[in-house]
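You will see two complexes here that share chain A, one where it goes with chain B and one where it goes with chain C.
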Partner chain A sequence: MTMIFGIPLQAFLGQLLIGLINGSFYALLSLGLAVIFGLLRVINFAHGAQYMLGAFAAMLMLQYFGISYWFALIFAPIIVGLFGAFIERTMLSRLYNLDPLYGLLFTFGLALTIEGTFRYLYGSSGQPYAVPTQLAGGTNLGFMFLPIYRGWVVVVSLVACIGTWLLIEKTKLGSYLRAATENPVLVQAFGVNVPVLLTLTYGIGAGLAAFAGVLAAPIYQVSPLMGSNIIIVVFAVVVVGGMGSIMGAIVTGYMLGIAEGLTKVFYPEASNIVIFVIMAIVLLLRPAGLFGRDA
Partner chain B sequence: MSDMTHTAAKPRAERSATASMTYAIFLTAGLILLVLAPLFFYPIFLMKLLCFALFACAFNLLLGYTGLLSFGHATFFGGAAYFTAHVVKEWGFPPELGVLTGVVGAALLGLVMGYVAIRRQGIYFAMITLALSQMFFFFCLQAEFTKGEDGIQSVPRGHLFGFIDLSQSTNMYYFVLAVFLIGMVVIWRFINSPFGMILKSIRENEARATSLGYSVARYKLGAFVMSAALAGLAGGVKALVFQFATLTDVAWQMSGEVILMTLLGGIGTLIGPIFGAGLVVTLQNYLATSDFPVTIITGVVFMVCVLLFRRGIIGEFYASRLGRKLGFEHRR
Partner chain C sequence: MRKTILTSLAVFLASSAAFAQSASDGKVKIGILNDQSGVYADFGGKSSVEAAKMAVEDFGGKVLGVPVEIVDADHQNKPDIASNIARQWYDTQQVDAIMELTTSSVALAVQAIGKEKKKVNIVTGAATTDLTGKACSPYGFHWAYDTHALAVGTGGALVKQGGDSWFFLTADYAFGYSLEQQTSDFVKSSGGKVVGAVRHPLASTDFSSFLLQAQSSGAKVIGLANAGLDTSNAIKQAAEFGITAGGQNLAALLFTLAEVHGLGLEAAQGLTLTEGYYWNLDDKSREFAKKFFARTKKMPNMVHSGTYSAVTQYLKAIQKAGTDDTDAVSKALHEMPVDDFFARNGTVAKNGRMIHDMYLLQVKKPADSKEPWDYFNVLATIPGKEAYMDPAKSGCELVK
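Right after this comes the complex of A and B.
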């Protein structure tokens, strides 16, 4: 058997793949956080809850209406995005003039409420969501066995990340968003409806989280706690990357996912905390984060 | 700034005289209540309340008086609970030394976490403390001495100073009360010391404090360690009260809970967190028997507080007409 650093190649590649998949979710989620933070200056603690909502939306749509995975991939983000926009319009928007900490505390409360409700309704244990038949099974790549769905997740999340990046960097809407990040008053004076832009941004951010949730549903179990388990790690990712740049969030997400996967190969006991350790080291050496501009 | 507007209405000396009079009356009434309370209430409940009240006040030292929102205070509370439980149970330490070990351990954890976290401000600070405390949670989950999911159980309460039997709940109650009062006096002295004044100036305007020549980072770290040590005091005592230390106390939900207590009672008021803790603990006790999850209520209260009620109960009272008449002023 081929060995690499004293580890069987298959185990190595298997963990690398798992790392890549976790990294895809970290990237998608930290991207959404960065988009929201960029414009609203709010750290969306409810991001994990919205990710969970996406997975639940997919599962419930399948259970009650027989709506397939493919439609869920479109509709779940829209539903959660609308819900996010509603929250932003009615409540979150009242906090913009205050210390940003209040936004964090508000969304923390929102996350607790959503999570508590789903735990009350569906219990804490996870529920399975079947892999869509078109993506079931796997292929043998010769050096390792690749479940097709996992490959699909890596590809799709990469496409979604790049798509969001293009939306923000290359389109007219994106240019409004970036301008409003720099100077909202001036942008409003040019006739752009900034409050609507803010609502839209929060909706898109929440939708992205839900999209990640649908993607995650067949891999992890659909459970009310899936969001809070991942969101703290994503916070660490965001601290490492710095929220200054969208691309930074994406790259850091993948990097840390892979770092976590590799730690599982070489020193499994530390795999839970490796991202936090990396965060601490980055803070000591480069407090602004790897891609951060603000101190 | 609110100081200025209120002072104009009444001469300052007269106001503060009324205020100290009111304070004295409330303080005496509060002390009498606390001493007599075990006659009317279940002692364990009261002790839990006092522990959480001290925990929330320690947390408020950081949020209310230094302006730093830590999302990782469960580490100090729960960490100290583990340390105290371990040394009392496994090494046979007497309770006073056990609690002291918890305090020192929490202070050291605070030194490490604070050293890393003060490199960033505001929401980054909150996220970093949250991440580091999650790291400590995983450490506790895997470490040998914490006994994993079981936690450290049946911790003996022992004899205080060798002759006061703490297994009697009345003795235990007055021990907890004494610790609580000592903790409160320390906090009160701390925020009214020159050190505390500098912390407030950092909260109000960090750049100006720097320009006046204060080493802001060092003061922040000092406040962080102080707050961690006091949170550890509360955690260590809690381990003796309940005779166990578990993962619940180091989980992020606990950090959220203490934020809620402080927010609900009044950020930046000395006694607000006590009321906040009282409300939250009472609510939890009340809901413990029903199957309705506490998280939903906690979350909703959080949202309502942030949206409508940012001064908290005591803050609103101070700012109300009655509160002002009694001579209180609301800062912040």
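Right after this comes the complex of A and C.
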């Protein structure tokens, strides 16, 4: 049997694929963070809570209204996006003139409040959410058994990542957004409603987190803690990729997912710190991140 | 007016009674220290605090004429935070005993402090046998269950069903090691073998890498030497990767009613597990469970009911000793049999282990569950002497 670094090739390929799957979540979540930071300069600590809200929205919609996974995939991000827009409009927008630290503290407090509320209501063990029947089961790839749902996650998140990147880099709306970040006063002078654009951006970012949450619901327990478990890793991804760089967030998300997956084979005990070790090294060598522009 | 007079009279009587008693500071204070916000918050959490309060109320709110008070705190599964709280409680808040102590690393740290400061601690939430082994304390007690009982119960049942080769997914801290060790020993002594193990960080969300390693090991049984949300996620993902369908069995070594409720019967059905208590066992256990449910909107597991039992027994011990002096109370705790809705035929060994019967349970199929929280079939009662380690072999210096 072919061996790579002392483990069978088959196991190695399996772990690569698992890394790619987890990387999809990192990419999707760090994408939303990068969009919000890139355009609003807000370090959105509520991102994990918004991800959790997405999963809960899907579960509650199924439980109370019988709304299926497919509709939840559309509606949950919209609901959470609207909630995000509301938060931005009524509270967060008041902090733009202050030090960015205030935005960080505010969103951190918001995250704690939301998570605490859900923990109070639903406990920490969480609730189950079934894989949609159309995507149940799996196929044998020869080197591993791939659950169809996990394959779906990789494809969908890739599509969402590229779609968001295109929206911001290649469309007229995207160019407005980027211009509004560079020089809000000038863009406003051209008759563009900048505050609405910023609200929209935050809403989209929150919606992306919720989208990832719905995708995650059938895989993990839908639990109030699911956001705080992942958010720190995602922040590391954004830092490694370069704060605010959208492409950087996507590529780094997949890369670190794979790095973490491989660590789980070679030295499992280190799997929850490997990403931070990489972050430290990158920060030492390239303080602006792998894809960041030097400030 | 008459009511006011009666009230002031009652207060006066109470305070004069307090004067006459021998509880050191006019009050008996019990601290419940556990995880109230993390992966084990349903396993014990706030509901354990509620169970402790129920125990005090049912006891009449007083012992030796002085009021009994429950305080609680969240240790976030961090031994350093727990140690700080424990020291503060013992040094400045007049706390007489600390109980519950979910998470083995925390329990070991707090028991060491109790030993140093000569204070009672009763562990109901943590599992490691070290608490009554090399880290035992003359004032430390281990109440609800331990890794040895889980290994004998769940491990034993699976070995009997033909599960003679094991691969472990182990939580990377004291509890996980202890559980893996005890179960490995048990499997080996029954003629089975352990083909491998992988250690994962506490509070992992994705287990697929580890499960894949377990799958390719070809072991008949995958032993989950972890707890709480970690175990639930591992079980869910094992089904997803076709591991259970592929013929490998899962052994959820520490899994209780609370986690089964979170996971749902659909995913949990068929699992074998070991608990020191099941609410639907008989009239006595049901009576407590119904009262507990009315207050918390959930049914108790062995940690919640064990905490009630521990608090009650501690108060009885104070009453018997006629003082809250640590030596006298510990002596009484060691001597008194434990017989309540939680523990049947319970005795406390010299190393602090409360030895009582355990139950081997199997999660019902969704169709067989007749009412909410009707989750288990009782497969067997494991006599305390079989479930728990022989104190003489525990390595505790107190057992000569």
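The rule is simple: the second predicted complex is superposed on the first by the 289 of 295 C-alpha atoms of A that agree within 3 Å, B and C clash if a C-alpha of one lies under 4 Å from a C-alpha of the other, contacts with A are read in each partner's own complex, and residues count from 1 in each chain.
Methods note: contacts are C-beta pairs under 8 Å (C-beta built on N, C-alpha and C of every residue); 3 or more make two chains touch, one makes a residue touch a chain.
None of the values given here were measured: they were computed from a predicted structure.
Annotation: superposed three-chain arrangement on chain A; chain B versus chain C shows a clash.
Shared-chain residue A:G14: touches chain C; no touch with chain B. Looking at the shared chain after the overlay, A:A57 reaches neither chain B nor chain C.
In the superposition on chain A, A:P268 makes contact with chain C only, not with chain B.
Of the two partner chains, chain B is the only one that A:I43 touches; chain C does not reach it. In the superposed pair of complexes, A:R119 makes contact with chain B and with chain C alike. Look at A:A280: by the touch rule set out above, it reaches chain B but stays clear of chain C. Among the listed stretches 91-99, 145-153, 199-207 or 217-225 of chain B, only 145-153 clashes with chain C once the two complexes are superposed. The intersection of chain A residues touching chain B with those touching chain C, taken from the two complexes, comprises 116, 119, 269, 272. By the touch criterion stated above, chain A contacts chain B in their complex at residues 43, 91, 94-95, 98, 100-102, 104-106, 108-117, 119-120, 228, 232-233, 235-236, 238-239, 269, 272-273, 276-277, 279-280, 283-284, 287. Within the complex, the chain C residues that touch chain A are 37-43, 45, 172, 198-201, 203-206, 208-210, 212-213, 215-216, 228-229, 232-233, 236-237, 240-242, 246, 258-259, 261-264, 266-267, 298. Chain contact summary for the complex, chain B toward chain A: residues 69, 116-117, 119-120, 122-124, 126-128, 130-132, 134-135, 138-139, 141-142, 252, 256, 259, 263, 292-303, 305-307, 310.
Interface residues of chain A, counted against chain C in their complex, comprise 8, 10-11, 14-15, 18-19, 21-22, 116, 119, 123-128, 130-131, 138, 144-145, 147, 149-150, 219-221, 223, 225-226, 229-230, 261, 264-265, 268-269, 271-272.
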